[in-house]
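We just call them A, B, C, D and E in the order they show up, numbering each chain from 1.
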Amino acid sequence: MPSLLSSLLPVSLAHYLFLSTSLFVIGLIGLFLNRRHVIVILMSVELLFLAASMNFIAFSAALGDLSGQVFALFILATAAAEVTIGLAILVVYYRNRASIAIHDISDLKG
Amino acid sequence: MGVEIVLATSALSLLLIGLALPAEIATRVVSHTAVILLLSMVAVLLWAQGQLPLTFTSDYDELTSLMLTKHFRFDAFALYVKILILFASACVLFIGLGFIGSEPMRKSLYRFEYVVIILFATLGMCLMVSAQSLLALYVGLELQSLALYIAAAMQRDNLRSSEAGLKYFMLGALSSGLLLFGFSLLYGSAESIEFAGILASLQSPSHPAPTMLLVGMVLTLAAIAFKISAVPFHMWTPDVYEGAPSSIVAFLATASKIAALALLMRLLVEAFLPLLDDWRPIISILAIASMFLGALATIPQTNIKRFIAYSAIAHIGIILIGFASATPDSMRAVLFYLCVYMTMSLGLFAFVLAMRSSGEVTERIQDLAGLAHSDAKAALALSVLMFSMAGLPPFVGFFAKFYIFLAALRTELVLIAVCGALASVISAFYYIRIVKIMYFDEAQGNLVLQGVGNRWILYASAIAVVGLTLAPSLLLERGEQAIRVLFAS
Amino acid sequence: MPFAILNEFSPFELTEGVIFSIFATIIIACALGVITVRNPVYAVLLLVIAFFSSAALFVMQGAEFLGLLLVIVYVGAIAVLFLFVVMMLDIRFVARAKLQRKHLQLALLVAGLLLFELLAVVIIDQPRERADNKLTTSASQVTASQATANQVSANQVSSSQVAASQVAASKKMIAKPTVGLVKDILAKKIREEELAREEAAKGLLDNTTELGLLVYSEYLVIFEIAGLLLLLAMLGAIVLTHRKRDDVLRQNISTQHTRDEKARLVDIEPRSGV
Amino acid sequence: MDNWPLLSTIIFLPLLGAGLLTLIRGRENDIALAAKSTALWVALSNFALTLGLWYSFDRQQEGFQFVESKSWIASSGISYSVGVDGLSLFFVVLASFLTVLCILASWRSITKRVRDFMAAFLVLESLSIGAFLALDTILFYLFFEGVLLPMFYIIGIWGGERRIYAAFKFFLYTFLGSVLMLLSIISLTWIGGTTYIPELMNTDFSIGLQRVLWLGFFVSFAVKTPMWPFHTWLPDAHVEAPTAGSVMLAGLLLKMGGYGFLRFCLPILPDASQFYAPLVFSLSAIAVVYASLVALVQEDIKKLIAYSSVAHMGFVTAGLFANNATALSGAVMQMISHGLVSAALFLCVGVLYDRAKTREIKAFRAIVQPMPAYARLMLVFTLASIGLPGTSGFIGEILTLLGVFQASPATAFALALGMILGAGYMLHLYRRVFFGPPAAMPDKLYDLQTRENFVLISLVLPVVWIGLYPAPLLNIITPDILPIIATAGH
Amino acid sequence: MIVAIPLLPLFASIIVGLFSRRMGAALALFITCLFMIIASILAISLFLSVALRGFETTITLAPWFTVGNLSIAWAMQVDTLSSVMMAIVCVVSTLVHIYSAGYMQDDASLPRFMAYLSLFTFFMLALVSANNLLQMFFGWEGVGLASYLLIGYWHHKDSAARAGVKAFLVNRIGDFGFVLGICATYKMFGSLNFSEIFAMVPDVLGEELVIFNWRFEAITAISLLLFVGAMGKSAQLGLHVWLPDAMEGPTPVSALIHAATMVTAGVFMLCRMSGLFEYSETALATITLFGAATAFFAASVAITQNDLKRVIAYSTCSQLGYMVLAVGLSAYSAAMFHLTTHAFFKALLFLAAGSLIHALSGEQDMKRMGGLRSMMPLTYLLFWVGVLSLAGIPIFSGYYSKDIILESAWASHTIVGQVAFLLGNISVFLTAGYATRMIIMSFHWLPRFEEKLMERVHESPPAMSIPLLLLAIGAISSGFLLKDWFVGEGSGNFWRASIFVEDYHTALQDAHHSPRWVEVLPLFLSVLGIAAGFLCYQIFTSLPARLARILRPIHQFLLEKWYFDKLYNLLFLRSAFSLARALWHGVDEKTIDALGPDGISTVARRLGERLRIMQSGYVYHYVFAILIGVVVFGAFAIAQRL
């Protein structure tokens, strides 16, 4: 217990890296493992972006250089743009296919 | 910086003009102005290339010049690639107009936003190419990708187009997620988001590059490999190429690929050159895998667009050989290859976009049967393109491959060169199979080429392919300056 | 006495560690929840919680502007957008397709490998990391007892050093006489900028103003491009999804204004209709 | 008129002719006739030019003559340089001569798309002549590869039933070989520093490097010659190609393989050629015996002659690597004589095919009754193919045998054995087709027309003339062989 | 003038050959016979000037080609050997030309036949007068070609066409040895001209020749190779199978080519190359053995044959055996002497048989002849001259030339010589036997052919009987006339340099004073043979049938020509064809094509198909691929660092 605790404190860069990496991996698994519908994919993409920006903030704090935070800011902006486009395409796809289950998206193959 | 500013303002103003004009003539007007604008920019840049070296004398005050030079570099290399991109998008718009006007596409595609989106994509590419920092690169890449996601799904009433758009979006988002995470690791270990900063941290003799930087680099390479559709990140290409509207596919296959490759070149040379023996094996594996998978998977294809997708993967394999040898003349060979590949693809797409069998837009290769009887000139032009794509000597495609192999052999990468040679034999098979269908088979369908513009582009590219063998030097010199600047930094 | 070690660390670090671990667990749990829960609405809600806690972490690290931005933009806009789409597309609760055992194992294996690789970055570099931290960054890293405030200031110090050196670099460029009206307005603005920079250099400004300073000086061009990006997103959404529904009565403001009242007056006998 | 670029005109005149053909307008059969006559005129003038070249070729001067050199891609030092010497002169003359004959031979047998056919032939001629005259490795590769295209079209469009399979097999087989050669050429030019062949000839490369480069060249030229294991494309290509196509295939394309050995492997990589000589000897020995045996049991005349070509080229490859003057000049003579003789044999088969629309030996018997003149000419060519003294075949074979015996008697034995088997299958063929009790042959077997007669007699004359008096050819070839022997000797 | 000798027949053949269609038979006959008569007059005068005045010269007509150190020219070497041969060839050829006028006058394409005859004569003269091995080889193959054309002249007869091909191929096997011999000489001596070769022989004596890494003594190897060539041409044992089948051709052809000239070319070459053969004992021994064996074999087979021309053919083969035997014993002049006499009486026999067959309008089987003694007395008488000369009865030429060979066999005092002497004498007996059997079966007894042929049987016309008479005179007189020149005391200065005999090979000189019984034995045996012939076929006609039944295996063995034909068919023809089919289908299609082009293309096609299916269309497969890519490359990068 004490060694665990001592490793917990103080909160250094490594902790944040652990967190963001695990978030990143969870996002990837979300993309890959689910068999349900596309929304989950969009959300896991959001998780990826979140992990990346968290990583940037952690490094920016560790290095004391603001450009990391600026980068995180722009990630936020592009993520927003990306989600709108994603959802727009999803809506169009839904109108054509009336279902967004992953399993149905396989017309184009071979 | 001029190009980007002009592009941005013109895109926005065209958007407004499109809204103002009545619907029927809006698209045609917007599209023609866009084409003229792009071509004039290409002319200016070509003239400017003559005036090099382009010293950026800052007649602005120091703050704005700081603003501009911190994240972007407008050197000869960026200029060379921009000329290609602008020319490609101009041609795509020109040959695409007829296509989006024809029947099934007219309802959803024939609108002025189509042109604006393509302009936005071109702007993204120009930014991407002249980026000097990770952030600029990312934003440019995102701008271009988003525009292309929209364009891919633009044919709203067609299920295949929306499925292509959806797939492209999902995988594109994943790749930009990878890219971002890679950039964060790069930033973390190199303490700076400029390529120069990364290079400086790598050159500092204190310790070998931290693994964080390596993994960051790997993730970035993976993302860019996705963009240029190298194996194993290529899976999206065949589906998107088949699903998306053909004019957009033309844009994807030429301009976007050139921009992504230029980006990879700048990244590898300006940022990661000291890590050469780390990324060379990765690029070589990518190259060999792409060559063979691309070549083999093209054989059973029956849809012309899917055929182009897989053969593009094979070409990427060959181009990556140039990257693997990573010497100034190999990069010059890559630039030359890009230029030649662009002309050939534009000619090919001009043909594909104009393919109509009994009025209907068709993508079946078998419809080409007996074209030599019905339309001898077009058949001849297409077979010239096919032979040049296969790399047969009397055409410029051969010289492109020749320089790549020359560079590879000069850096003792004999294995890859041999693989390249074998893959180009396999690829020769399906290229001449198309010639066989045109010349040897009896005519079944009544294939007709619609649109005079497309026919002119087809002939122009065929003549260019033949003409360039006589004087490839005029392309090579221009490439020379671009590379010297790139490696100088 | 398990808690004996507690007194080694200053109370401040203690609280920081506790807060971090709380939020970290929340984020991981919510993330896992997002990808596993069946009902999409729950997934969106879990996503929102994850964003909230990561915003908190951001603030803890001194990037409070971004933290708040995260809350507003992500939670406010994007999560709502998700909910909106989820509702609109009335997604039936498709039973999760039974995952074959083989697929699951394969996926977990790949995920584990990937996790290990990315974490390896931290493990392998850890010793070197600590070593060169000592060398490069300022003393603040060493004494664990520094308060968050001065950690923030540490950021400013180093960033201001960076900013200062850039300004100095730009000074070397020959300041040509500005030509024309636009130029001297700009010149005035630049003098204000220099004033702001001196304060930033002294590390007095808070995170938001510092960020603002930086964004509007070095990253201005990228900022505009981001603007274009959002415009493009909007354009895309319209192009893809907008449908002209003619069964809906629409206001046409311009015709409304230009209507001249006189021509419209019609006197109607009762019960006779026009 | 020494400043007139004679060689470039010889190369590009047919190309110009082909271009001219596309301008012809008018009704279907007018175009056909106009195309045929223009093609014939272009070919004849080109043939005259090559004769002029031969006439003004001065024997004393060693090395390359009529050299023209213009820089083409300055940055990588590639130049358009062409030149002729004793070795390549006769192949050029052969090329233009055979083109004239092909155009005449396919005057009536080709009916569909005549204009494209003539254009393809003129392009084929110009590319093959270019290959023989190129002095720049890249230019050589350009022409060497370029020849594949017109041939692919010729086999593919005007060929027999399995023409597509044969066209593909021919194209890809040769392309694979020559792509590996490209790699060797690239490393050769890069290490040697120049792409100009004469300079490459006197730069010496390390033994290890030579052996690797040599293999690249060997694969390509072995496929093209064809040497034993790489020969399976030849019978298919010949059976499916139209008559004129087989003539050009046998007359020209096979010579490029041998010429390639002569121009690249022997002078530039002499030690490697010495090192691999035993390998080439054994392959040639197998080729001669194997091909002659297989030819014995063929049912299709054209396939039989195709296998006989493999046997004859076995002589050539053995001669080339025997590294003495007699063998090398014998090999060159054998190539020239094989060019003439197999072209004649294919024309004869074409004559039969035009009449009876089949090439099965079983279908013909006692042809000598209805077609005595044809029987006589065919007899001369059969004897030339066997290498009977007094015909060009003999000169090639005896010189090669004399030379090869000095290098390796064992191979000479196999080659001599090939002479017996050669006589075996050719006379076996001749007897089954021409002799035997008179059968009720289809009446359409009328004797030779004036045009066919002219074509075949214009082939008989050189065959017999070279047989009786080869000195004018040998006096030109031998001086240029001595340097090759010299480089190998030191 | 000398050059005209070979060129005259060439011009005749070209003129007649080119215009054979438009020219009538008479004109063709006239031109060819006239040219041949002039040529033979010139040849005889040349022979006389060479023999009497010792005239010798070498005329080079035109250079053929020069490559490196090898320079070959068209030339005529005139010395005793070549002039003798030229004389024989011209004389016999002229007579055959004249004879053909009568024999072939009802043949449709006579001009073609005459052209071929003249062409043959030209090639023979070119061969004989060559001063280098290559021109000799030119004549050698030319003669082979002419014999192929003439044997297969009646190409509507399938057996004739096949016989022509067979003749050419077996000759070609002989040429295989000859060519390799030429190559070996070129390798050893650096030149192919006889004068240079014979000059350099002493300093090449010890040299070795390595073939298939076996070491051979150079001179022996060359001699044996050249001898293989001679075997092929002179139908020695092993390569003789073509001679009997060559009888398919018209009889004048058999007379000219398969009796007098072509078959003797081999013997001529051996004599010409005596300068080389003398230095190799083993070669001479083998030659003797082969000669003796051939003589015995041919004689034994001839007894059982029923076809008139085949009997004569085998007798030629046997006499050739004698000549080769003589060469083996380095009694070259004896061989030449027998060659000359044999030319006369064998041509006589053939032409007589020809007029017989002509009279019976094509009937060649002796069993269906008989009783012609009274109908064709002149032919019967001339036939006897031939038979007696063949059997070697004193005043006839055969006796002188054959006896000197047997005596030199005895005088050589070597084991090989003794064996040759023994076999030679047995063959003398057999020869006499089959000769008499032949004459009796065809002329004596009662006519066994159909009636309707009876009235058409008539004495041959003058065009045919005049040559017969001339040949008969030659057959009788050539013996004692030429004895002194060829083998007598005068032979030294007669042959001068054209034949080289090692001084320790004294077989020929000792032959003159060999013991009495050795000279008498052959005469005794031939008389005995003739008596046996009469006994078996004239008096006790049933005896041969009973003998055949008692010695059934031997008789069958001889009837089947020692099973050579069956053996060759099985050993070479069948195996060659089956091997060829195996190679074609087995190797070409099944292995090379299957592994090579077709194999690779099917593999590529299958791979392509499998890759196409991998593109499943499901997004999670794509994501999985990307993950795999990232993981692999990540591991790769990290591995570098560990």
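Everything below uses one rule, namely that contacts are C-beta pairs under 8 Å (C-beta built on N, C-alpha and C of every residue); 3 or more make two chains touch, one makes a residue touch a chain.
All values reported here derive from a predicted model rather than from experimental measurement.
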Intersection of contact partners for subunit B and subunit D: E
Distance-maximising chain from subunit C - centres being C-alpha averages: E
Chain whose Cα mean lies nearest the overall Cα mean: D
Highest-count interface - the chain pair sharing the most C-beta contacts: A-C
Centre distance in Å when subunit D and subunit E are each reduced to the mean of their C-alpha atoms: 37
Separation of mean Cα positions, subunit D and subunit A [Å, integer]: 67
Cα-centroid distance, subunit B relative to subunit E, in whole angstrom: 79
Rounded Å distance, subunit A centre to subunit C centre (Cα mean): 12
Where subunit C touches two or more other chains, by residue: 107, 110, 114, 117-118, 120-122, 124, 129, 219, 222, 226, 229, 232-233, 236, 240
Contacts with 2+ other chains: residues of subunit E: 601, 612, 615, 617, 619, 623-624, 627-628, 630, 634, 638, 641
Contacts with 2+ other chains: residues of subunit D: 172
In contact (per the touch rule at the top): chain pairs: A-B, A-C, A-E, B-C, B-D, B-E, C-E, D-E
Subunit B-facing residues of subunit C, complex: 117-118, 120-122, 124-125, 128-129, 132, 166, 169-171, 173, 175-176, 178, 183, 186-187, 190, 193, 217-222, 224-226, 228-229, 231-233, 235-236, 238-240
Residues on subunit B engaged by subunit A in the complex (per definition of touch): 134-135, 138-139, 142, 146, 149-150, 153, 156-160, 162-167, 169-170, 173-174, 176-178, 180-181, 183-185, 187-188, 191-193, 238-240, 242-243, 306
Interface residues, subunit C side, partner subunit A - complex: 2, 4-5, 9, 13-14, 16-17, 20-21, 24, 27-28, 31-32, 34-35, 38, 40, 43-44, 47, 50-51, 54, 57-58, 61-63, 65-66, 69-70, 73-74, 77-78, 81-82, 85-86, 88-89, 91, 94, 96-97, 99, 104, 107, 110-111, 114-115, 118-119, 121-122, 126, 129, 133, 137-138, 144, 151, 154-155, 157-159, 162, 207, 210-211, 214-215, 219, 222-223, 226, 229-230, 232-234, 236-237, 240-241
Subunit E to subunit B touching residues, read off their complex: 601, 604-605, 607-609, 611-612, 615, 617, 619, 621-623, 625-626, 628-630, 633-634, 636-638, 640-641
Residue ranges of subunit E in contact with subunit C within the complex: 624, 627-628, 630-631, 634-635, 638, 641-642
